[in-house]
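Labels A, B and C are assigned to the chains in the order they are written; within every chain, residues are numbered from 1.
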Amino acid sequence: MSERLMSEHSLLEITGLRVGFDTEEGRVQAVRDVSLRLERGEILALCGESGCGKSVTAMSIPRLLPPETTRLSGSIRLDGRELTDLPESALRAIRGKDVSMVFQEPMTSLNPSFTVGFQIAEVLRRHEGMSRTAARSRAVELLELVGIPAPARRVREYPHQLSGGMRQRVMIAIAVACSPRVLIADEPTTALDVTIQAGVLDVFRDLRDRLGTAIILITHDLGVVADVADRAVVMYAGRAVEEASVTELYARPRHPYTAGLMRALPSAAVTGEDGRRRLTEIPGLVPPPFEDPDECAFHPRCPRAREDCTATRPALEAFGTGHRAACFHPLSTAAGGDA
Amino acid sequence: MADQTLSAPLPALAGATPGRARQVWRRFRRRPAAVAGLALVAGFLALAVIGPLVTADPAAQDYSAPLAPPSGGHLLGTDDLGRDLLARIAYGARVSLEAGVLSVLLAMVVGVPIGLVAGYYRRFLDPVVMRLVDVVLAFPFLIFAVGMAAILGPSLRNVIIALGVSQLPGIIRVTRGEVLTLRELDYVAAAVADGAGDGRIMFRYVLPGATSTLIVQATVGIPTAIIGEATLSFLGLGVQPPTPSWGVVLTDAQQFLDQAPWLAIWPGVMIALSTLGFNLLGDGLRDALDPRSVR
Amino acid sequence: MALFILRRLGAAVIVLFLGSVLVFLGVRALPGDPARVLAGQEASPEAIAAIRHDYGLDRPLPVQYAQWVGKALTGDFGRSTQDRLPVAHILTQRLPVTIELSVLAMIVAIGIGVTAGVVAATRRGRFADHVATGFGLVGLSVPHFWLGILGILLFSVRLHWLPASGYVPFTGDPGGNLERMLLPALVLGTGFAAVLMRQTRSAMLESLSADYVRTARAKGLPERSVVGVHALRNSLTTVVTVLGLQLGALISGAVVTEQIFVIPGFGKLTVDAVVTRNYPVIQAVVLVTVAGYIAVNLLVDLAYGVLNPRVRLTGVADG
């Protein structure tokens, strides 16, 4: 289909994605013109506050948004294959097989009426054509893979018998059962205790290292990003505002919004010298998703805003290799701090 | 309990304001089904109140036209004794209205105070009352009503009593449930803290908060009672001929399905339309009074 | 789980006991003197007194109650005042008829109600949903007996497809039995289907918006598994609960339906007994109905446990 060579395109390429929802109050534009790439074996973090469009962007990939009200345009290519114009039946063959998902709520994302084993085996039978018994024994192996002790016993248990962290591991087991090329994890650790978070994040890292799974990690928690991701895209009001490798981003954030997010991190307060520094929050609220004036959406909350920020919208500009930011007055130097 | 109080609205205080009534009406009006229900109920009321005044005498027998099909003289036709079906249906609407409204009224007048007291004195009275409610609920509705009607003897007054008593457990249960929720709310707690007496708290603070739910409960109780009356009368255990209850007309109609199907059709249509009206009205009121409830 | 069953069982026994007291007192409250009825119009006061003594009617009420319950527990409900047959014998003849009618009606109701509810929920806001919702509302508003009359009018009087009434035992003539039971079962089942449809629809709407349904879709499962396995399974609890709650309505409907179609079942027996003041029969019929009602509700509770692993494994139902 594609004329280009395999090596030329990334595993996943999203270009000019726009996603809106029709509601009774009018069209809500959740994603406005997002382009991003995911390379093979990469862990890419999509971060930003709630409502910035990161989850909608991710859910658009396997098209898990309500079809009646969703208005989607742009291009999503998986290994060069365009997904946006695929019929529902072809997408179903991709979901859970090539692109799989882990959701935020481990407590409610598993079906309470079926055993863990059934829910893992189900996806294997669907996509790998496995028999019931083969899928069952594979389910045990998968539980072991995601670090669940006594998997042979756990496989027969119901979700309510497992802790939140365990359930999230089960969700991951379901997601990786068919060795997907892209695993999308939407706030996978947000609902978990901090002590359990690290363990679950380890599972993701381990999967990438052992199976080469490319992972899109959606999170509002920059601490999580620093922990596991290779590269990060920061989103604000439906647009990507900064993109860089994680080391680069932490060392030299360019966009004032990214810098603000970092100052809001607990670790930023903890590392402060005087020990009395408080968490800094970004003042103001995310703009409403109905209007979209031609200006920097962040300017009302931005300490560096000037007149030109309202004149037109800044585009993503390169700041060295693989580092791009959309800001007229970017932070120039190291250490994501002084504005 | 504690976290519930924070987010809970103040229904009693909001319930009285005219602004709220207008708001409820605006929400109600937006639903075509609810408005249709209101129209059906209004038509039913008009038929019951005005109908018997303008139609023929429901007992007058037209010997020249037994089992006459609908015509100019008898718009809906006549029965085997030549009685005008329209007149009998109009009068039957009055019977249905009486049975529906009075039995629900009876159930409310007796049931609401019981539910209120049971929910309020949760420790002492509640277990006893609720056990009794459970026992009555262990009888299928119609079996209980049939039993009551059998004990009391067949007449409209006794049908009303039987249906009222049959609806009692439901009313008690709903009222009690409301009280249990409401007494935890801030404004009730505040009244308690102010040292208001039990009676004052129950009737001044708790009862107004339960109004919406009780209005809805009454609205859906009426069609149950209308069908109940028609059914008991149909079985010969309710209103007795020659009083033209819809159920009685249907019993008579059964023998003449061949010759006079209109006798069987119109009373049933009336029962269906009036109960449908009350059901739609009840649904509409529920949605309008409590915007949080989604169907 | 054992504790759960025991608790429910205990509650059921208490309700049944109080219910039997209510039945007993209710029958005592019936107008007319049963002894006079038993003795006949012309009986002398002495004869009536003798009958009163024979039947224990001159003893204190608690003693009478204890006697009645004691005998009832051994299956002795006395004799019918109409035909002097043992009431227990009449019950065993009539009960299967009503059970057959109810089971057939239940099949109709589940077939129509659950299907329509699922279809309506998956096509929310669209034409099929409006049709099903309209059916639900109309079905709730139309009384059984009128539906029965309409059915006879249409299928028997006009089309001559089905017999209007009558009953032949299934064992003697299965075809004729089903032919005669079809219309009553349809009539009784339709009203029931309306209720079931409304509840199934709202339960399905809730399940379909649940996170685990999104998970099922994300797995790439075909829509029929998403709806038919994942969402439906979690709605079944509601369906079963509604079946239990509506059992009373089913019994009430059976009473009327049997009356219209002249089916010699339990319901017709009840009405006939009330009309003829056949006290032993009324007493027995109501008691058995209540006992059956309680028993089925108990079964529903247990089925709830089977359907919901949380109840099954811990014995605690939340919510």
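Simple rule for what comes next: a contact is a pair of C-beta atoms (placed from the backbone, for glycine too) under 8 Å apart; a residue touches a chain by one contact, two chains touch by 3 or more.
By chain, UniProt protein names: B = Glutathione ABC transporter permease GsiD; C = ABC transporter permease.
Every value quoted in this text rests on a predicted model; they were computed, and no experiment measured them.
Enquirer: Is the way these chains touch best called a line, a ring, a star, complete, or other?
Expert: Here the contact pattern is a line, an open path with two ends.
Enquirer: If I average the CA coordinates per chain, which chain comes out farthest from chain B?
Expert: Measuring from the centre of chain B, the most distant chain centre belongs to A.
Enquirer: Compute the distance, rounded to whole Å, between the mean C-alpha positions of chain A and chain C (ABC transporter permease).
Expert: Taking the average C-alpha coordinate of chain A and of chain C (ABC transporter permease), the gap between them is 54 Å.
Enquirer: What whole-Å value do you get for the distance between chain A and chain B if each is reduced to the mean of its CA atoms?
Expert: 55
Enquirer: Counting only Cα atoms for the centres, state how far chain B is from chain C (ABC transporter permease) in Å.
Expert: 23
Enquirer: Once bound in the complex, which stretches of chain C (ABC transporter permease) touch chain A?
Expert: Contacts found on chain C (ABC transporter permease): 210-212, 214-222, 225, 230, 233-234, 307-310, 313.
Enquirer: Show me the residue ranges of chain A that touch chain C (ABC transporter permease) in the complex, using the header's touch definition.
Expert: Counting only chain A, the residues touching chain C (ABC transporter permease) are 62, 64, 91-97, 100-101, 103, 105, 108-114, 122-123, 126-127, 158, 160-161, 171, 174.
Enquirer: Across the complex, what residues on chain C (ABC transporter permease) touch chain B?
Expert: Interface residues on chain C (ABC transporter permease), with respect to chain B: 11, 14-16, 18-19, 22, 26, 29-31, 137-138, 140-146, 149-150, 152-153, 157, 202, 247-249, 251-253, 255-256, 259-260, 270-271, 274-275, 277, 282, 286, 289-290, 293-294.
Enquirer: Quick one: which bits of chain B touch chain C (ABC transporter permease) in the complex? Just the residue numbers, please.
Expert: 33, 131-132, 134-136, 138-143, 146-147, 149-151, 153, 223, 227, 230-231, 234-237, 247, 250, 253-254, 257-258, 261, 264-265, 267-268, 271-273, 275-276, 279-280, 295
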